[in-house]
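For reference, the structures are reproduced in the following blocks.
Next come two complexes built around chain A: one with chain B, the other with chain C.
Take a look at the complex of A and B:
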C-alpha cells in the first residue's frame, strides 16, 4: 500500500472514531442525561424563568444542533463551569492534570520495567522453578482486587497497625522529600496492581521471541546469556512493548489516578473525576470522558503513523 | 500477546474435562469455583446467610465463636454478609458474562463472515469507539445517563467487555470460512446467517469458554471498584460494598470487613484464574483480558 493511501486511510478511520466517541459521550451525558433545569432555579420559578433556563441549556434545540454545539465546546476547550465549584472546567483540568501525571507516571514506568525484567527472566528459565514461582505470583497478583492491594498497603505502611511511615491520606508537595513522603504508597500500589498483568504479557512476548531461529543461532555461536537477552530478545520485542506502553498511558493515567487519588485524597484529575461521578457534576464528567477518548484516538493514530514511518512494510491490519 | 488462537483440534466437553483434571491447577480451580457456586445457590435458596441484615448483636464486636469476623457498625455479622455476597458476585459475573459472550459472539461472527464489507467495518468501528473510552469512565457515563438504575453497572460492563470476545471470534470465523464444511454448506444453498449460527459459531465454543472465564473475573473485580466509586451494587450487599465500607474502617483499626471480603474475593478469583489458565493451556488458546 502506498504511503499516501495508507495515511489517508488511517486519517479517515481516526476521524470516524472521533465522531463515534464524541457521539457516545453526547448521547449518554447530554441527550439522555438528567434534566438540569431546576438545578439553577430558585424556589417557585415562573413559567418564563423555566423556559429561559431551558433555552440557555439548549433543551429547545434539535438533536444535531446540540451535538454540533457539544463538538464546538470540545474543539475550543470551552467546556463550561463545574456545577459544584463554579471553576471553569478547562482551568480545573489544567490545574489537576500535572498532579496526576506526577503521581501516576513513576509507578507506571516502574511497573512496566519490572514486568519486562521478570518476564524476560521467566521466559529464559521457562519451565523451571523460578518460572513457575514468578507465574504463580503473577496469577495471585491478578486475583487480588485493586482496592484490596491499596487498602493492604495503606494499613501496612501508613497506620499504627503497620510501620506507620507514610501519611494515610493527603498531598502537600513542595519538594522531592515531600513528594516521596506522599507519593510512595500510591506508587507502590500502582506497581503491585499492574505487575502481575505486565509480567504475564511480557513473558509471552519474550517466549515467542526466544523461539525464533536467530536466537537459536546466537545460542549455537555460544553468545553470552546477557547479550542474547538484552540485545537480541529485548531489542526485537520493542514493537509490542512500545505499543503496550503507549496504549495503556491514557487508561492507566485516568483509571489509576481515579482509584489512587480518590482513595488517598490527592487533588488530581482522578479525584476531580471521582467527585464528578459522586455529585453528578455533568460539565466535568462529560469533559473528562470525551477528552480522554479523543486523546486515546489521537494516540492510536500517532502510533500507527509512527510504525509506518519506522517500518514501511506495515500495511493495513 | 494478542496472538490469534490457532484452530484447535475438535475438543468435546468430555475430553476437555479430562485434560483439565490432569493438572493440579485445573482441579483446584474447578473445586474452588464449584464450592462457591454451591454457596451461591444455597444463599439464593435461602438456606444460609439470609440473616445477614439482622442487627441483633452489638456493634463492632471482635471476632469470636459467635461472629467469626466480628460485627460491623450496625451490629451485623460480617461473616454472614460475606457469605451472602457470594450470591451477588455470581449474579453480576453470570449476567455480564452471558450478555457479553452473546453479544461478542454474534457481532464478532457477523463481522468475520461479512469481512471485508460494510457490516464488518461498522462493527469494527463500534468496537473501536467503545475501546477508546476507558471503561470506568464509560460505565460512569452510562450510570449517569441511567440515573442510578442498579442495572447501569451490568450494562456498562457488557458494553465494555463484549469487544474482546468479538475480536477473537471474528478472527476465528475468518479462518473457519475457508474450510470445506463451510464450502459444503454454501454449496447446498444454505443462507449466510444460518451457516454462521448453526455451523460456524459452534466451532468457536472453546474460544468463548476461555473468554467467558476471563470476563467473569473482570466483572467481579470491576464490581468492587464500581462499588467503591459509588456506581456499583446499589441495593444489597457485595464484597465491593464491604471493601468500600472497610476503606474508612481500617484507619480506625477495624479489619473485619476488609479481611472477610478480601479473603472470599481472593479465593474465588484465584479459582477462576487457575481454571482459566489450565483451560488456555489445554486448548492452546490465548484469551484477551477485557
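Take a look at the complex of A and C:
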C-alpha cells in the first residue's frame, strides 16, 4: 500500500509537471518560433491574403485558446498534419522513432557498458599508468568534435580513400546483415564520442565508492578483486549510474541522433525535429515536445522507483 | 572488417534495374504543386506531375517545349486568348483515389481545377501571384468564395482536350507560367481523397511515381505509362560544340524516362555530400564551395584536376538569379526623405556605400571567385542581359566614395547607424563582417554598422516584409528566363510585403514597367528594361549584383546535362547510363 500511495503521488506530480512543461514549451513555440505567414504566401501578397493565411495558420486566435486546443489534441492523440510535408504527425512519429532507436540504441548501450568497465578498471588502478592512459584517451575523445569523428570515420570506412566497406549514406534495413551494414559506422561514431564522457563520469563514481569504509573492510577480509568491484563497488554505485542512463533516454530518442541522421542520411526523428524547429512546423514540434515531456516524466518515475529498488532506504518521506 | 565484408555482398540486389542516385543540397517540403515554391519542391513536382509546357533539355538560351500540351499555344492576335490542346490518352497513375483504383485520363478540366486551386484559400497555395489579375474572372471567382461549381469565364474547357484561357491584358510570359511547378496538373479526386495528406501522396501523370519519401531521401519509380515523346536531339537543342562526347546520341528515338528508379538523397551537409559522391552513394552532386580548391585545377577556364576527370564529368553554370543587398527606401535614415535636401544627401550616401562595396572581395571570399558580377538587375542568364554594359556601378572606388560623402556633408559624426539584416548563420555573419569592413574603410565608425540578426529565415522574411530592416541582403531565383521577372522586384506596386523589398518607387521606372508588361520580347522591350535597370543604378537603390556559379560533378558512366536553372527537374527523365561503356565492360 505504501508503494501504491508513493506511485500515485508521483503520478499526480508527474501530471502537474506535464502541464507545466507543455505550457512553457507552447509559450516558447508561439512567441519565439518562426512565423510562417510570409513563407506560406506567394509573391506580392495583398493585405487580405496575409490575414487569410494568418487565419489558416491559427495565428489570429488568442493564446489560451490555442493552448487549450493543443491540450485537446494531446488528450485525443490527434496532432494533425505536418505543416511542411502534410504527413499525419502520428504516422511521421511512428515511422521515424523506431529508426532513431535502432540507430542509437547499440551505440548507447555499448558506449555505457564500455564506459562502466573502463571507469571501474581505471578507478581500481587509479594513479597507475593504465589509469593515466585511459583518462588521457578519454580527454582526447572528449576534445574531438562529433563532426570530425563522423567525417573521419566516413572517409576511413566508407570511401575509396579508405577501406570502403560501408555506405556513406543510407538506411535500407530489411534484415540483420543490412542492419549491420548501415548501422556500424554510425554506431562506432556514437561510441567514440560518448566513451570519453562516460568513462570519466563512471570513474569518478567508482573512485568515490572505492574510498568508502565497506570497501576497505572487504579488502581487509581478503575478498577477491572481482567480487569487490562487481558486488560491492558496482552495486553500490547503481544509483548515479541508473540516473545517468535513464535521463539520457529522452535525449537520445529525440535529439541525440540528429548529427548521425544528417550525415548518414538516416530518416529518424532527430532530423525531423531539427527541420520542424527551423521550419516552424508547429504540429510536429508539439508532438516532439509532448513526447519528450512524457518521456522525462516517465523516466523520473522510473528513476524514483529504481532508487527504491537499489536502496530501500529511499522512501515516501 | 567482417561486418563490412557482409555488407556490400548482402546489400539489396539491384538486378537489371537501372538506378540513378541523385542528390540535392536541400530538403523538399510539400509535394503538392500548389506549394512548389522552392527549387527542391519544384524538382519533385515536375517529375511526379505533368505541366503543359517544359523547357527544352539542351537549348540555350532557354526555350519552351510542349509537355502535356500537344504543341505551343495558339495565341490570338491581341495576345488575350490562348488555346491549348492537350495530348489524348494520358492517364494519371493508378491510385485508390480513383474508382477501382485505376487512374483516369487527364483532361482540360484537370488543368482548370489545378489553376483554380491556387485561388482557393483552403489550399494554402503559393502560386496565385503568377495569375493574379491576369485571367478573366479568376479573382472574382475567389472573391465569391472559390466555389468549384461556378465557372471562371477566362478558364474554359472547349472539350476534354482543349483549354481556352482568356487574359485581362496581354501577358507575354503566360506560357512560361505554365512550365512552373505551380502549374502542374492534379486530379481533384486525389486532392479530395487525401485532404492535407495530398502533400505527401502525389497522384500525377509525370514521368515518375513516388515510392517513398522521408527526411533523408525520396525514391521515384519510372511511370511505365508515361506519355513522353521519343527523344530527338534537334528538338531538345543539341549543340555539337557543347554536347559532343557526352553520349547524348544514344538517347535518340527512345522514350523517356530512361532509368527505372531514381533515389534522391537530401544532403544538406557539404562534407557528407562530397563523401556520398566519392563513395558512389550519389551519382551527382552540386559541389560544395569549400571543396573547389580540392577539385579544381584552375578557375579560368574552370578545369577539374586530372585525378577527378578519370571518374567524373563536370559542368559549371550560372544560377538563374542573383544576390544583392537592398536599401530599404522607406527608411528615412537611408532611403527617401520628405526633405528634398536630405533626400539628395541620402542618395549620395547610398551611392558612396555602393562604391565602397568591393564585389571582387565578396566574390573571392564567398563565391570562390567564380561568380559573375554585373551592374544592376538584369542577370546574365536572360536574353536581355547587356554584356557590354558599363561596369562602373560595381567597380570598387573607395576614394570616389569618400569624396562623395564629403561633398554632401557626411562625416563620422553624422553618418546614420546602419542595420544590416540577416538570418542567423555562420556564413551570413561572415558576410556581415565583411560588409562592416567595407563601411569602416569608407569612414563609418565600426559601432555604426550593426547586425540585425533573426533566428530563422521566416522571421527575417517577416521583418523585411514589414519594412523593419534597413539593409536587406537577399537572393532571387528567377521563375522564368525573362528580365521582367527581376524588373518586378522594383515595381512600385510590388512594395513590401510584395517582392519589391527595397520599397523602391520611381515614376519613370513604373511607367516603363507598365508599358513593357504587355510587350512580347523585342529589341524595343529590351531597351525599356535596360533603361529601367539604369534607373535603379542611378538611384543607388541596391548594391547589386552577382550571379553565383554552380559546379556539378557526376559519374562518367552517366549520360546527362544537369541544370538547376529553368530546366530544373525536367532533365531527370533524360538521365541515362552510358550504354556504350557498359557494352565495352
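Annotations for the structure displayed:
We take it that the second predicted complex is superposed on the first by the 253 of 317 C-alpha atoms of A that agree within 3 Å, B and C clash if a C-alpha of one lies under 4 Å from a C-alpha of the other, contacts with A are read in each partner's own complex, and residues count from 1 in each chain.
FYI, contacts are C-beta pairs under 8 Å (C-beta built on N, C-alpha and C of every residue); 3 or more make two chains touch, one makes a residue touch a chain.
Source: prediction; values computed, not measured.
In the superposed model, A:50 makes contact with chain C only, not with chain B. In the overlay built on the shared chain, the residue A:300 is in contact with chain B alone; chain C does not reach it. In the superposition on chain A, A:280 makes contact with both chain B and chain C.
Of the two partner chains placed by superposition, A:106 touches none, neither chain B nor chain C. Of the two partner chains placed by the overlay, only chain C lies in contact with A:171; chain B stays clear of it.
Once the two complexes are overlaid on the shared chain, A:29 sits against chain B while remaining clear of chain C. By the touch criterion stated above, A:155 is placed in contact with chain B and with chain C alike.
By the touch criterion defined above, A:262 lies against chain B and chain C together after alignment on the C-alpha atoms of chain A. Counting contacts as defined above, chain A residues 32, 34, 147, 151, 154-155, 159-161, 168, 262-263, 278, 280 meet chain B in one complex and chain C in the other.
Those residues of chain B whose C-beta lies close enough to touch chain A in the complex are 1, 3, 125-126, 128-130, 132-138, 140-145, 147, 217, 221, 224-225, 228-231, 239-240, 243-244, 246-247, 250-251, 253, 255, 258, 262, 265-266, 269-270, 272-274, 277, 286, 289. Of all residues in chain A, those touching chain C in their complex are 32, 34-45, 49-50, 52-53, 56, 80-81, 84-88, 95-96, 147, 151, 154-155, 157-161, 163-172, 174-175, 177-178, 180-181, 184, 261-268, 271-272, 275, 278-280. In the complex of the two chains, the chain C residues touching chain A come out as 1, 3-8, 10-12, 27, 29-32, 37, 118, 121, 124-130, 132, 196-200, 213-217, 265-269, 271-272, 275-276, 278-279, 281-282, 455-459, 461-462, 465, 488, 494, 497-499.
Those residues of chain A whose C-beta lies close enough to touch chain B in the complex are 13, 16-17, 20-21, 24-25, 27-29, 32-34, 139-140, 142-148, 151-152, 154-155, 159-161, 168, 197, 201, 204-205, 208, 240, 250-251, 254-255, 258-259, 262-263, 273-274, 277-278, 280, 282, 285-286, 288-289, 292-293, 296-297, 300.
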